[in-house]
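Multiple structures are listed underneath, in structure tokens.
Look at the two complexes coming up: chain A is in both, with chain B in one and chain C in the other.
Moving on, here comes the complex of A and B:
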């Protein structure tokens, strides 16, 4: 009986867990001097809808830039990606239930948790949208801003005007059931 | 040296220096195909190395400076991306995790499919958390 209950609970939990290993994160810095944009299409995320817990894992060197020099400066001068090769987020998504994810629609959600970049953890609160399409595909999207100074990322004075004080970040995850 | 000669030298230096700076500023990231591979291995061995000692494997395969590595393996899946590129997942001993190889749309051979034995050259960016995939970007097929 206990075994059967445990098996059913485990199966129920597994049904409410979603993942992606090809999630998309992009960031954009815009100043009068220069626009800087980078994309990462290899972001891992696991979302436990029943518990409302979501996690993201990002490899810093997987960001690609249009220009090689920007990519080199990003990794070597600003992100110290040999010392801090990963960024991550762990928090909660509120505003959508496992039951709602069975029905096509668009659901506004609130995301709250801790984001770690450059080895420095900071609280993060963001709004987002979870969209369920007619085929049952689940997409979660969110935009938020990150300040390099909040994560102890030092911008040399010579290029301070080239990099925005707030970097705009966009996240897009297409989840599948685990 | 005459003043006119000095001016000519300075103008030439400005032209060449400016040209170099402009070229360097607009340089695009190099594709892995045009780089010499620092290491050749199999997808299973690469993944096993990361699982055994992630820090050591990162130092070796990712490196302090960008480098290409060559990986041979069997395709578990080919997933098309929204932006037009594709991800080739190579088999490892772990049924859940693999070696993920990111291809631009024009770099992936059209006939690659699950079960094929292939060789990929790419830039290894490390092993991810949550699902321990090893990630390679800017990949090219090795014939």
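Moving on, here comes the complex of A and C:
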């Protein structure tokens, strides 16, 4: 009996959890005046597949821009990165099982949860794809849009034409088993 | 047996519950590299002198510096609009720590160049450095004609070296908070040729500058250059300037009041003629302060390596 419990619990404890510290998040703002693009390759995420739960933490200062000054202004004037160093997401991934992740294939998933940017939490619903390649590598991808105004990020009149009302965000995580 | 089971079960469920609360805690503390303090000042100059900031790697900064004539010139001089001095310059960030610059001033038709290197960088996380330490080495040469230089005399040979001056400035500064930054910037100005035998070639000054950020895009700046006693004639005053930085995307506009007309070290540290005491006195008493502005416009000419999207 004890043995059985021990086996069950260890099997469950060795849950199907995946993680990354080098996840990629990029965003793009496109207007007729200016295209702004930034990349971040230092995103951490943990995905508990059996529970269907996922979390992301995005260090704001790790976003890199083409222009150094843009990066400085992003942190100083818009994101207040010293006050709000990280954006995060906590939510659920539905549409893929732990078993499916052991077979190569592409699985559409639905992501739902809460995203916190600039200290302001908002609900987020997005579609994504989980791809398992022949070597067993697991990649999760998703696209969604966020509005700076939803997160209390103020954009002054002088640059309103340069910054899109909706910022396009792309997420790409290559997970490894924990 | 049941007790053991229920204990096991409860441990197990507690384990599940807590892991769902904060999955990311499973990863432990992140290791982040050193994170250096940014944006202590809006640009690489406080007003006339250098701030602790450098032009970023690969960035070219076009600088326009403009000083009107003394404001106490009265209506006859359009309160200073008539006589102005200008410096046009280009600064470039060779690395994030090393910048170089070249400029040309209308003041005595002077060309100046400088190298600025950050030896230490104030650190927010991942290291413990409390201050930024930088050194600026600058040289200037006047390109006035042989008979136009102030020291011209028919029986004096016009050596090229007479036209040179050098300045070394040490900057020790700290961003104390989001709003407040302060730096000490002592230094020495070396004039190859001086007006009188009693005038020292090397002039030592102990100076400082600071800023208070008023809004995200506007800051108040002040700087003062204190020349140690008995080094420059009494008609030259210490340089004191106050002003505002207004930042709009790729530009920084600096609007200020200063008693200095020149825009390179020898000029504003050792040859400032304006005297704040004359600010509201008739122009016959000498110049007071003048209005001036700097415009900085940056261009990214080289993109350092960054993560690929």
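Here is the rule we go by: the second predicted complex is superposed on the first by the 166 of 178 C-alpha atoms of A that agree within 3 Å, B and C clash if a C-alpha of one lies under 4 Å from a C-alpha of the other, contacts with A are read in each partner's own complex, and residues count from 1 in each chain.
The rule we apply is simple: a residue touches a chain if its C-beta (ideal position, glycine included) is under 8 Å from a C-beta of that chain, and two chains touch if they have at least 3 such contacts.
In this text, all values refer to a predicted model and were calculated from it rather than measured experimentally.
**Q** In the superposition on chain A, see if there is space for chain B and chain C together, and answer fit or clash.
**A** On the superposed model, which is not a single observed complex, chain B and chain C clash.
**Q** Tell me which of chain B and chain C touches more residues of chain A.
**A** Ranking chain B and chain C by residues of chain A touched puts C first.
**Q** Once the shared chain is lined up, is A:158 touching chain B (first), chain C (second), both, or neither of them?
**A** Only chain C; A:158 stays clear of chain B.
**Q** Under the stated touch criterion, which partner chain does A:44 make contact with: chain B (first), chain C (second), both, or neither?
**A** In the superposition, A:44 touches chain B and chain C alike.
**Q** Taking the superposition on A as described, I'd like to know which of chain B and chain C A:82 touches: first, second, both or neither.
**A** In the superposition, A:82 contacts both chain B and chain C.
**Q** Can A:66 be said to touch chain B (first), chain C (second), both, or neither?
**A** Once the two structures are laid over each other on A, A:66 reaches both partners.
**Q** Tell me which region of chain C runs into chain B after superposition, given the options 7-15, 25-33 or 151-159.
**A** Looking at 7-15, 25-33 or 151-159, the stretch of chain C that collides with chain B is 25-33.
**Q** Which chain A residues are contacted by chain C in one complex and by chain B in the other?
**A** Overlap of chain B and chain C footprints on chain A: residues 19, 21, 24, 41, 44-46, 55, 57, 59, 61, 64, 66-69, 72, 82, 88.
**Q** Which stretch or stretches of chain C touch chain A in the complex?
**A** 1, 4-5, 8-9, 12, 15-16, 19-20, 22-24, 26-27, 30, 32, 35, 38-39, 56-59, 93, 124, 178, 216-217, 247-250, 298, 300, 303, 306-309
**Q** Where on chain B does chain A make contact in their complex?
**A** So the residues of chain B touching chain A come out as 24-30, 58, 62, 64, 66, 79, 81-83, 85, 87, 100, 102, 123, 125-126, 128-131, 133, 135, 137-138.
**Q** Residue numbers of chain A touching chain B in their complex, please.
**A** 19, 21-22, 24, 41-42, 44-46, 55-57, 59, 61-62, 64-69, 71-72, 82, 85-86, 88, 174
**Q** Which residues, counting only chain A, touch chain C once they are in their complex?
**A** 1-2, 5-6, 9, 12-13, 17, 19, 21, 24, 26, 37, 39-41, 44-48, 51, 53-55, 57, 59, 61, 64, 66-69, 72-73, 75-77, 82, 88, 156, 158-159, 162, 178
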